[in-house]
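Got a structure for you, written out below as structure tokens; questions coming shortly.
Think of it as A, B, C and D in the order they're written, each chain with its own count starting at 1.
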Amino acid sequence: MVRLFYFPPYVLKIHNELLLALSQFFAKGGEKLPQTLSPLVKSYSAISEHYKVDKLLLTNEVLDQCSKADDDEFLVMRFEFNRLFVGPSSPLAPPYESVYVSPDHLVMGEQALAVRKIYKQENLQATGQGREPDDFISTELEFAAYLLSQIMDAQATKNDVKVQLYKTLYHEFWKQHLGLWLGTFAHTVTQSAKHPLFSALSDVLVTLTTLHAPLNTKEAYYETFSPQISRGSSSCCL
Amino acid sequence: MNKQLGFLHNSEKCVGCRGCEMACKNEYQIDATPEWRKVFQLHEDDYSLPTRMFFSMACNHCAHPECLRVCPVMAYTKRDDGIVIHDPNRCIGCRLCTMACPYDRPQINPAKKKVEKCNLCYQRIDNGEQPACVAACIPGALELVEINDTLDQKTGVLKTLPGLPSPKLTTPSIRFIGPKQGKQIRRD
Amino acid sequence: MGDWEWPLILFTVLGQIAIGIILMLWWLDRGRDHLDTQLFKQSVLISGGLLILALLASLFHLGHPEAAYRALAHLGSSWLSREILLFLLTFLAWIYLFWQSKQQTGSRTLGLGITSVLGLLGVVSSAMIYVLLRVPAWNNAGPVLCFLLTTGLLGALCTLVLGRKLLQTTQKKLLLQFSLGCTIASLLLYIIYSSMLSASTEGAATLNFLLNSPLFWSRALLGWFAPLLLLISILKNPQVDKTNLILTVTLLAGLGEILGRALFYLSATGIQITALF
Amino acid sequence: MKLSRRKFLGGAAAAASSLTLFNFNLLTNSPAASAADQPSETMKTFRNVCPRNCYDTCGMITYVQDGILKKVEGDPKHGYTKGKLCLKGYAYPRRVYSPDRIKYPMKQSPRGSGNWTRISWDEAMDTIAKKILDLKKRYDSTLPICFDKYSGNFGIVHYGADGTMSSLGYTTRAVGTPCWPAGIDAQTYDFGTLYCNDPEDMVNAKYLILWGQNAAWTAIHSFPFINKAQERGAKLVVIDPILTSTASKADLYIQVNPSTDGALALGMARYIIDNNWVDWEYARANSLGFDEWVDYIKKDITLDWASEKTGVPKDIIMEIAREYATTKPASMWVGYGMQRHVNGGQNVRIIDALGVMTGNVGKSGGGVNYGHLETWGFNYNAMVNPAPKGSKGFIGPDGKEGDRAINMNNFADDVSAQSDPPVKMLWLACRNPGAQDPDTNAIEKMFASMEFVVTVDSFFNKTVEMSDIVLPVTTHFEDWDVMASYWHYWIGINQRAIDPLYESKSDVEIAIELSKKMNVLEPGSCTFPTSGTPEEWLAKEFNPGIHQMLGIKDYKELIDGPRKANMPSASWSDGKFRTPSKKIEIHSDLAEKNGLPALPIWVEEMKAPEKYPIRFMTPHPQHALHSQFQNLDWMMTTNPEPKVEIHPVLAAKYGINEGSMVKISNDLGSITVKAHLTRTTSPDVIVAYEAWYKNTVFNVNYTLKAIPSDMGKQATGNDGLAFHDNFVMIEKA
């Protein structure tokens, strides 16, 4: 039997942290940016240092600067956050999967139901089920982070069956959901953003979508990929 | 083919309320862009008096469907009852049918990159129900009928209206009752 | 009015050049002076490359290129299915031809002949796709003749460019005369075709669009008038070195045909519902 | 997925292992663990009623699966709308799930800046409550708070928005209705109230006049009944300055000079008198002042005059007079459009008298039908709350203390005119004055002068744009409610079909939240009850009268289907009129007391000023109901932009072609809109349909002056608006 590939725990950890930081960034809203930006910067630094890509470092620098903004600047970012993602005017980049993936661009499309079923397979459901679309970006990101944490658990206990199961789940979830829309979403954000924070955020999302392809598909490739990722990723994703 | 189902549109009764258009969208929750069914307003100059006159048109389930003829993937089939069905699972989005249909009724859905059109609610018909548009027509201007000689021989049943492509092209399965104009006391 | 259909323009024009080259090779090879082997090999390779490019370009026209294979499903009535089949067969024939070109001996005529005939049938099917009841501007012999003339003209000119060193003078002259013939035919065809268009409302709309479009006049200049003058001048002065001139004519005519094809799609006006919406 | 998790772990083990160490914020343990592999729920259906300001008030069936609204259909058990919806009704799913919906309470700082902060309901209520208490302290009353609510949602429980205000104390209230008050008063003077025949009874009419009524766009469900009457031989006459889709179906269409409908009716009356087709018996037995009116007509009215005034040839006036008077029963439907003039109420009174004169009132297949409120006898439990102890109110002219009424139809000016105390805060619910009130510039200015503006809405319209706080409100699919119609006789229940999305709340829920907060900050400062489920609030609206009218014992019976009120199909068939004299008052002392002519005599229409020779009519649109619906994606694709209809003769005069941009202006302001040339209007009238298009500044009200119509005060508190007496100049933009 082929030896099951184990991801390096550190890589899983930093990805997990980035997913959670992003999830909180969107969940807590523009009003909590002073609290949610720092964890985002921290987790993104870890990523950018690990992969050592110039562009990532640059984005990280922008994020870092934004996280140290003064109160006035945070206000500007808050208003921009709401203009982009919340409202009350028609949000320019509504953070729900079905707005991008379902052709009718409404919320509560088939994607919301599809992720609801996936959560349910893990005995989970969105806390706002029925009120908030299940495919809200934060919920999807948190679910992805949860899957990663399951892989980490399983690797720690050398439970190969579980590792395999959650890798498959994780891979499928990216392929069928986050991977399908984060790119478009990021693009929409860039198009509409008037503050560098959100262009940087868009870069973070793009990094995430790009890095996750190797993380969950070609494990054998991953070992070799990791040290050289800087070249690979800078050409393909950034 | 045993029979040919189609629409009988009564422009005498149609008030252009566009309920059929939206009922169609509601039934299938069609995306914003494709218009399976559309209400058209006739040119007021085409008749003796300027009046708001309409006809409502979806796929005409033609006796000689050009869409079906040109489609390279056989996405179109014509049922025994004459309904021309488009199967999106087969469609590869070559758009040739959209070039070939004189009524512009197969339409590309830019998001899905596939063509869509009215399938005459064949599932509803198979269940013994009326198509959604017919069921929703408040003045009773839109009917599902069998297109045959008996229908064509009835007085007042027309094969076309001004502003429509010649029915000779594809032999559409739609018949019309033309708009009626009352007396007008006008100020111009 | 239609759209600017890059994938279709590239597919049809490149495919027609490829087939045109093979057709010319076949024609020249059947003549008294056989074709130079080096030129044969080189030209077969290039025409194959163009054919592959053309087929690839056609995929970009599709909403779902991954399912393109399904396009073979409706040979019974769809000219698009027939076109794909014939182009694939042409490509298979080309592989045979390519294999033949690698052989030291043996007749090339069979390979050239099969490829040419299949290719021409492919070009005709391509054109037949557009012979639609709905589009008066296309619902005639126009598309077929127009596509065949492109095949002939660009095939001949490209072969001239490819064989600028290896073709014999008589062969060159034949090709030049053929190109001139195609250009004149194309121009005449267009004049007749235009006069036919005005018969229907939609045709008149097409004509009106064309005459008011700077693209059309560029096409006329690049694709008809300039090549006409240059070809005549080349043929009249056989002693001058013509390599650069031939290159120029080919480029101009190529551009003209690409513009012409773009206009073909742009100017198509279908019969449609003209009631207000 | 190749690997089933069931192969790997038992259900219980999975639950245990999946929650180790991971700190969930947005996900939680799912209660029904075994449901994982189950297919979707089966489709559930719910009963809803469209609550919009519309004649038809349709019964709806809502299809819900997995808690998600899938589609809507008409309710086949609704006898008037008969299982069909209009184009707007079918677009509802797009409204519920539009990403544009307002999702959370938001605060704008400063107002108009576009800088919005999301706040919690608690913070929203805290901010609002503190502002209210602050104003109360500063001015010693809650009168600086002005409440403006109208017809965004006509559900009975939605009167909880009014209740929010009454529970705070005495406030300033926008009173009146911009819609139909002149006609209401006309019928009030004549018959005692507005009370139309059952519209289903139109099938019995032998002759049918639709007067300024475009049913094809605004009351589409009446068409089967109109058609039926036509099939049974009735002649359909449509009188309208615009050749509408409805007029296009008429056997006879009369393009009357705008605002001269009364003159036409008087001309008809004259001819009827001359030919003695008068139903003397009915008129004399049932009315007061009839002979006086006949004398007036004989003395003052000639057919030549009527013809000249109305632009209708004499022989046509004679024709319709003869037919209307001699074909029995003959029905008239008076539309709301025709009373939006400075003499609109008076014109309705003349038409009423025409109905009386011919004995068509109180008859099946007859009537002068305008609307009714007979089926609206609910408790208005959510609306009625005692003012908190010690509340100081406005002392009215009658010496009574209460709310301070201001004119809804001159909202901008009237708010600004208040000084003792001034209005400092606005609360807007079910209302979008930014888009719908006349003189938008004045509205903008008035809003800018406020200290605080709260708007309760679902979409970011012009009014929300000018607010400090916006509160997200539920759609009717997310509420319990009950709806009656002002036209047909049906009543339907509206179930909660889906959970309220995001943080939206109904008007009653908002009132509850505010009351909780007010009472924490200052106990006793708000009397709105702080408990009750939405369904309990609905239940409280029913009373024995309603039960009896509908033949039910409990509101829950309405879940089986809408019910029709048990009333005779012909209004006034009992002859018991509700005027002071209990008779039809052709001569109305009440009208006279209110400064109006006692008799239905001719009152001059408004003439075009020299500078602005073109009448600009802005009637109701097809794809929208005022500022609702048009912003939805389906509407924006099928009807992407507004147009102004111009007669080709007029257009030629100004060099305007089909599709030209046209600047329409007067001394109030201007709008620019695309031209559509059509002979459905006349050469001195241009037409643009009012609506709020997404992402455009198009708003016909920039040119519309708040000119009052002649009536409305008596029954609705304020005179109506002469929307259609708007005059402009046009030029090619």
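The working rule: a contact is a pair of C-beta atoms (placed from the backbone, for glycine too) under 8 Å apart; a residue touches a chain by one contact, two chains touch by 3 or more.
Because the structure is predicted, anything quoted here is derived from the model rather than measured.
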Strictly by the touch rule at the top, which chains does chain B share as contacts with chain C?
none
Look at the interfaces A-B and A-D and say which one is made up of more C-beta pairs in contact.
A-D
Look at all chain centres (mean of CA atoms) and spot the one farthest from the centre of chain B.
A
Intercentroid distance (Cα basis), chain D paired with chain C, Å
65
Measure off the straight-line distance from the CA centroid of chain A to the CA centroid of chain D, and report it in whole Å.
47
Chain D, residues touching no fewer than two other chains:
93, 633
For chain B, which residues are shared contacts with two or more other chains?
29, 32, 38, 112
Which chain A residues touch at least two other chains?
104-105
Every chain pair meeting the contact rule
A-B, A-D, B-C, B-D
Within the complex, chain B is touched by chain A residues 103-105
Across the complex, what residues on chain C touch chain B?
2, 61-65, 67-68, 70-74, 77-81, 84, 129, 132-135, 268, 270-277
For the complex, which residues does chain A have touching chain D?
23-24, 27, 29-31, 75, 78-79, 82-83, 86-91, 94, 96, 99, 104-109, 112-113, 116-117, 119-132, 136, 138-139, 142-143, 145-146, 149-150, 153, 161-162, 164-165, 168-169, 172
Which residues of chain D touch chain A in their complex?
1-3, 5, 8-9, 11, 14-15, 17-18, 20-22, 24-33, 35-37, 40, 66-69, 93-94, 97-104, 106, 114-119, 460, 464-465, 470, 472, 498-503, 633, 694-695
Chain A-facing residues of chain B, complex:
29-32, 109, 111-112
